[in-house]
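Both complexes below contain chain A, partnered by chain B and then by chain C.
This part shows the complex of A and B:
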């Protein structure tokens, strides 16, 4: 019997699952999804024939094609927040040293395929910042001991035990040594600058000592601090920078020789055609071509030639990362302050390619609907001159003829201007703000960059768990033509930490006010729902001194009637205090923020906060039970989900989940999990919450789902009020095993909320899995579970079907976020997964029930119908003839 | 039941101890193993090693595969780890590796549900591809049989066959006669049908046409009735 039941269960499950999994067909690959791969801000670079080897601050090793900048192969090393690449050395094979504090991994890679050749470990005792170099096939590790000496450890690859390299350490006395950042490598030498003195040591020689030279013998003015910059040349050389002027110094026979000419700090050396040349970038007076590349002779400093670079607008100031000479031409690799990578080919100074590596770290995302086409907009102008009836009539006729023309012959307008709204809202603009302080607009159809805008000196806010984010708010969408869409970005000033406000048109990237520096630090911001006369939704920004500001500034008159219904909350991750504020006491002249509640969660640490998407629609008000009664959902739009972790002597860590009403501060529900640790991911939607955590006891990731119900009676069917609490909601909960490590979780969002919900889980493996909410929904007790009740029997472990991976074999590196936006088609939502790669796709959780399938055969239908029509006419003729014959018989 | 609980308790205590030692233990260990892809893939794609990664505890520690398929993940303190082999095209089974504080290794299958169940696997690890990952649904292909066995097509084709092909196949005179009779019957039926069609189509034509067809209708109906009456007499 039991056996039979299990078979029945499996069968039921399968039948349901067939309807649940919405997989791609193989021919749909790349039809509506795209992926862009990045490597991050380049730290080390090496030219190798037809490719460029880069090691980046994202801890990525990659080779780029010299001619088009495409990634040939890419190896993602450990997490950059812990590990950093310290050394890149290319000599037949690639050697990298990456690590953290006192543990380093030395790896060698095949240059063509990116396959690992060997891997060793270096364990040092000291945990101070140190430097690596490679000399004569041996790794040298230099550890400064402040005020005392320099420890030089030599590791040879032959001497290792179980993969751990054994080094020979020698100590060089250096009592002046303070910081390793004052030192550079110059060929086989190591050069440091102390107070008024220059110290250098030949690393190649055994028992060599630091040689000290007084600084004032080579530099007359002691005006500024001297900074040393590495300069690669066959004679050991380096640049000495003071007052923004660099001098080239060489070590010749234990003496320092200074070249008599001045250089820019970004000068590099290129050897080719028997010439020894210095390349450097200079600012140009020419407004058209801002950058000039100057080439000087290494020995004399005489100008060989200079060429003006047609530098694209919108990029930050460049520096030269590396250069190589290839016979008649030479290539310069430039990196800009906004992390873009450019390859310039000399002598014609043509930019061969550019890569926007800023996109490898996105901190804010927003989807925008495009404006309607000019033609559709022109219909709106019909009543512009109301007196002229004939004019209006002719206007209407002409636009309608145009529309008809477009319908028949295809829309030429759409193809030309490109950024025009389509019928189903599938074509959108994604505005992303990057950590480097650059805004990009991406086209959802192609993934191309529509516009970009660089904001100098801004940085993201530091959120919970050190997560960096900026804030984007949509004040006005594109539907209020002819008024353009309006968007606000909030960020932080890198220097003062004060707020930065940037208003722009998300479709064109045009900003009429530019960057606005706010005189306060931002602690919270919220967008109100009421429009002002220009259809702008006012933005309220709360400063850290609890002062409230409204943007646009005259919006106070619009919101003055709503003061009693505006509430704010803040969550302080340091003090673990949640605070609620009310605007009840505000007047038209002055907005007053009064604290209405606070919750102290100490000694716990807030690890995650889940709010519902603001534009979410809840379609069905309740769930139909098996006795056909309705169980009403508890849909509280003000509900916050807070996850905290507190240390506990008995259970290591205790994870607590609270559901708090953001208006009243009422804790609606609370639960805890013992021996649980983070990372905790929260997904909060409709009347449910899903969170994941790591169960230390069973050493597995678990997923728990909570569902809130009001009961059989609905308290208020028209509007929800947080103050009208008659009884606490009923909670259903269930937990599951997640056989993977989640990095991020999100939920699909559709226009009206009719479509089923899918949970999107970004896994550490680089795949994004969709899990139907139906699979997680807590089962009711004493309720039969089956397809009739649209209920799937409980399974402790969530199945992982490869068909449910929305990015199929396109593995994504280091996923940092999943952004979801509804399309105008109810069935579809837009998904943007970002991290080291950007992946865009569309998902339809209930399949595309509102459009014809893409494999729908229009031609066949037309063919069959026309054949039928022809056949009827032919038979009519034939029949008539036959009837005539019959009549004559 | 109690036993299970006791066991779980012991297990939790043990794991607690190991996790405590994680912080204390300074010695670092290496997880070693070898990846065996499917043989067909090895031959078709010589560069499979560079796209294969080893994730320990979901990317906390990372290993890469050498050209001979071997891998080593360095710098691990003692503890319990899940070793996954990641490849965009192939699925591999994860393995749990436990390193105790004395540096002893034990590898077993990952079982999230029954944690107490230990199915040991050899260490150093030998991880074989389970198979090609199937990311895509298979699209239904157009086949001639599907088309022919479509009920609509069957409805059209079968009567056609009966009417057109069968009489030609039959050479037996008696059956031929019978068949002719049937044909006669159908012949008389047929004009009715065609008239209906012509009626339908010419109704929106000119009035004269309608009249004509009406006239014909009467005639044909008369003719149609006669053989019907005759037929039973003959029988």
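This part shows the complex of A and C:
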């Protein structure tokens, strides 16, 4: 009986929660969500019959289908900032070596399923960059000791203790050795280039020594610096690159033989059909086909054949990663500077497939509403020339005829381009900037790439905790037809570190100015709310020397009346100082920023900063209490949340959270957690803040919620001013145990803010959980809490329901961000989760209260209604007839 | 020499929040203000604030009445809707020195008749993190003309503000609550150990009455029909 009761209790509890969460039905899978998977920039590749095995810089091992490039299986190894794959060797199984400095993991994988077969550890003593190779089924680890010798450690898989491989080290004298990057493997040999000398050693022989050959005997002395490049061939060979011309060298009987012909540095060898061929890429004069694949004979260097490749525009320069011969045809795998992966099938030089691996690392995201259709736009132009009545009349007639035509025959325009705004704003364009410096526009309906634009030599800014980000600003949305939408990307130049500004139309990807290099380093940027005559919102960019620039440049005339209400702030993670600036003393001719406040958080370290979403709407100004009184929210749009960690001798680490007004610098509130450490994730919205941290005392992740109220009286209901402080807000707080490890947190955003809020938490397991804000909202002390007050009684542990996972069974690899945007439908938010995978879905925290259900039966209701109407008339007739008959009786 | 001592008692917003300060300390704050306005103001001495005990939050404010010229300058700042800026140099008891800048609208200061509040924020160890000047007001202004006689002297309230100790997940009271509910349930079960009729008589009775009435009326209706 007691058992039954507890089940009943859980059941009731679940029912309450399921009412709050919106689970997905099985037939809805993939209906409005999509997922794209990536592997990252490819580092090593190996062709195996019908599949390609790749090891990437994202520390991912995967196999791709040779014919379509799909991922067959993917193994995500450790964090790439700590571990890197150093060796990929495919024999019967796949063998990888990954690690960093002196800790290495040797693993073998099943080729078909990708399951881990065995794992060993190598603990080396030296921490210098080193190299691995496999010879005769043994791992050789080569560690250079600068100016002295080379340590060669041989590990065999039989000799291990508790999974730690034990090696046998031998020392080879190499006093000329400086850096491992001057050396390459050539079959069983290891070749290094020193000053004017070439050294090589046979690794297969015991007690072998470096053999030294002077360089000038085979290369002209004025050749300059020589770089060695690996070249895989059955005779130990390598490429010697000088002045961008590569020479093929082979080691034959302890001698180096140089082939008499020149090669490109990206040459690879393919053996097949009894021929030994060299494949290389060359630039082509033909503007239509930019790349030429040239095939040479290995022995003579004579041109076998060459073919022009129809290389897609917009991709960066390619290099050959690998090649294989398959009888009559051969396959080349190319990698481009923008991390794309292409498979080219020869001899017809057809690109079988391409993968945009740049999307595996997104650093900025923005959602864009699509423009209205031309027809709708033409309706809006009816009153453009108001004096011409006949013109207006004919315009209206023609548009209405068009409308009628579309109604009857379907909208052709919509079918043609597809990128037209829909009724509910569910179809959007997501513009993403990637770490590789390539912009993509993704269609929310299908996940397909609408356009892409490559920006060479740009890199993201380094934010707090080493988080990389670029900045995207929407200067003009697509609402202002016929003016196109306008967007700005801010990034950094890889060479100078100065700012890069790129203006473009987010719908088409067209940019009329191209990349603009700014003559300064960017420190802060902000988009203003006022717009100029072209409906462009001005962007203010603050340089590191505190100079201010406005884009577009003539926007100063628009904002000149608002200088006294524009404030900026910067947070310096190194000095832990927050500084506020005012634009008050600017004039139309010269904008000046002057410091107006500062906060010094030393000796703590700033670990996170939370600002409210700029486009957030707060619908309800207060909370109705149980006694029907209103408790007003403290909604300060200028409020910043800052999280700091300070090392403490007694409490290990102390996490402090400060709420700071961004205009006056007033510390509105401060709180501290002892024995708590990062990573800290902040979510700041409306009048509340939620943050997660790791509690060192209880060794668990905790979540704390802060809510700010003005009290029973609202100080100023019409306009909020940070300067007018009549009273400090009242703080409610409550904390919870989070039974998961969060990677990122975000909050849903809707058009008007009426819909309930959901917290989205990306877990380390690859799932994204939605937690209703109601569950976290701090409860008032000494006040009843129940369904009548729309309050869920306090539970210290946040329940994790499988129904609340928005990506259901689609695990997402290494989540780096969650982006949220409102749809025009109040109930719905767009969600984009990105990392190694990209996952898009829509969530409706209060269910889709403003649209009919998908399975709503329109036909049935029409049928029932018409049947009822018919029945009414028939019965009326029948009743009249009956009455007539009765009257005659 | 005019000594004003104002003791500020901190109002803790909720009784459950306790302020934490590991070690008590003191701080001396040298205040400078800018009365000239403009982008590059000149700072001059305004006064000194001594906080003897951070834990108690007691502050001694030492400020001289304003000179005639300074009052005129403040009036001018207020009229031109300029900013009134202060620079606070805080010397902690370990001798470390930090300087903070804070700005308010000069017209708000003048309208409040130089009644300002100084918020000193400390971290959990008692290190100062920010000094902010605040004017208690419900609205901001865009320049105002305040007569000189209202601008005599600063009446500064000093608020020493610490960080709260954050709440921790309240598992104990939750378990207590669950146990209480369970106990209540069990007790409730004992009470409910009555017979079926005793428990549900209120549902059974109307049904019985209905049946009685219908059986009483039915024969009549049948008879009427015949």
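Everything that follows uses one rule, which is that the second predicted complex is superposed on the first by the 840 of 889 C-alpha atoms of A that agree within 3 Å, B and C clash if a C-alpha of one lies under 4 Å from a C-alpha of the other, contacts with A are read in each partner's own complex, and residues count from 1 in each chain.
The criterion applied here is as follows: contacts are C-beta pairs under 8 Å (C-beta built on N, C-alpha and C of every residue); 3 or more make two chains touch, one makes a residue touch a chain.
In this text the structure is predicted, and so the values were computed from the model without any measurement.
J.: In the superposed arrangement, does A:796 touch chain B (first), chain C (second), both or neither?
T.: Both chain B and chain C are touched by A:796.
J.: Applying the document's definition of touch, where does A:723 land relative to chain B and chain C: first, second, both, or neither?
T.: Only chain C; A:723 stays clear of chain B.
J.: Between chain B (first) and chain C (second), which does A:27 come into contact with in this model arrangement: first, second, both, or neither?
T.: After superposing on A, A:27 lies in contact with chain B but is clear of chain C.
J.: Output check: A:602 vs chain B and chain C. Expected answer is one of first, second, both, neither. What do you get?
T.: In the superposed model, A:602 contacts chain C only, not chain B.
J.: Of the two partner chains, chain B (first) and chain C (second), which one does A:113 touch, if any: first, second, both, or neither?
T.: The answer is first: A:113 touches chain B but not chain C.
J.: On the A-aligned overlay, A:747 touches which partner chain: chain B = first, chain C = second, or both, or neither?
T.: neither
J.: Identify the partner contact of A:737: answer first if only chain B is touched, second if only chain C is, both if each is, neither if none is.
T.: both
J.: Contact-wise, after the overlay, does A:781 reach chain B, chain C, both or neither (first, second, both, neither)?
T.: second
J.: Based on the A-chain superposition described above, do chain B and chain C contact any of the same residues on chain A, and if so which?
T.: Dual-contact residues (chain A): 737, 796-797.
J.: Quick check: in the complex, which residue numbers of chain A touch chain B?
T.: Going by the criterion above, the answer is residues 23-27, 29, 73, 75-79, 103, 105, 107, 110, 113-119, 121, 123, 162-164, 652, 675, 696-700, 737, 739-741, 763-766, 796-797, 802-803, 805, 808-811, 855, 872-873, 875-876, 878-880, 882-883, 886-887.
J.: Which part of chain A faces chain C closely enough to touch in the complex?
T.: 5, 564, 582, 584-585, 592, 594-604, 644, 646, 648, 650, 654, 656-658, 660, 664-667, 669-674, 695, 702, 704, 715-716, 719, 721, 723-727, 730-737, 781, 793-797
J.: Over in the complex, which chain B residues touch chain A? Could you list them?
T.: 12, 15-16, 19, 28, 30, 47, 49-50, 53, 55, 57-59, 61-67, 72, 74-75, 80, 84, 86, 88-89, 91, 110, 112-113, 115, 133-139, 191, 194-195, 197-198, 201-202, 213, 216, 219-220
J.: Taking the touch rule as given, give the residues of chain C at its contact with chain A in the complex, in rising order.
T.: 13-17, 20, 22, 38-40, 81-83, 85, 98, 100-105, 108, 119, 121, 123-125, 127-130, 132, 134-140, 161-171, 174, 177, 185
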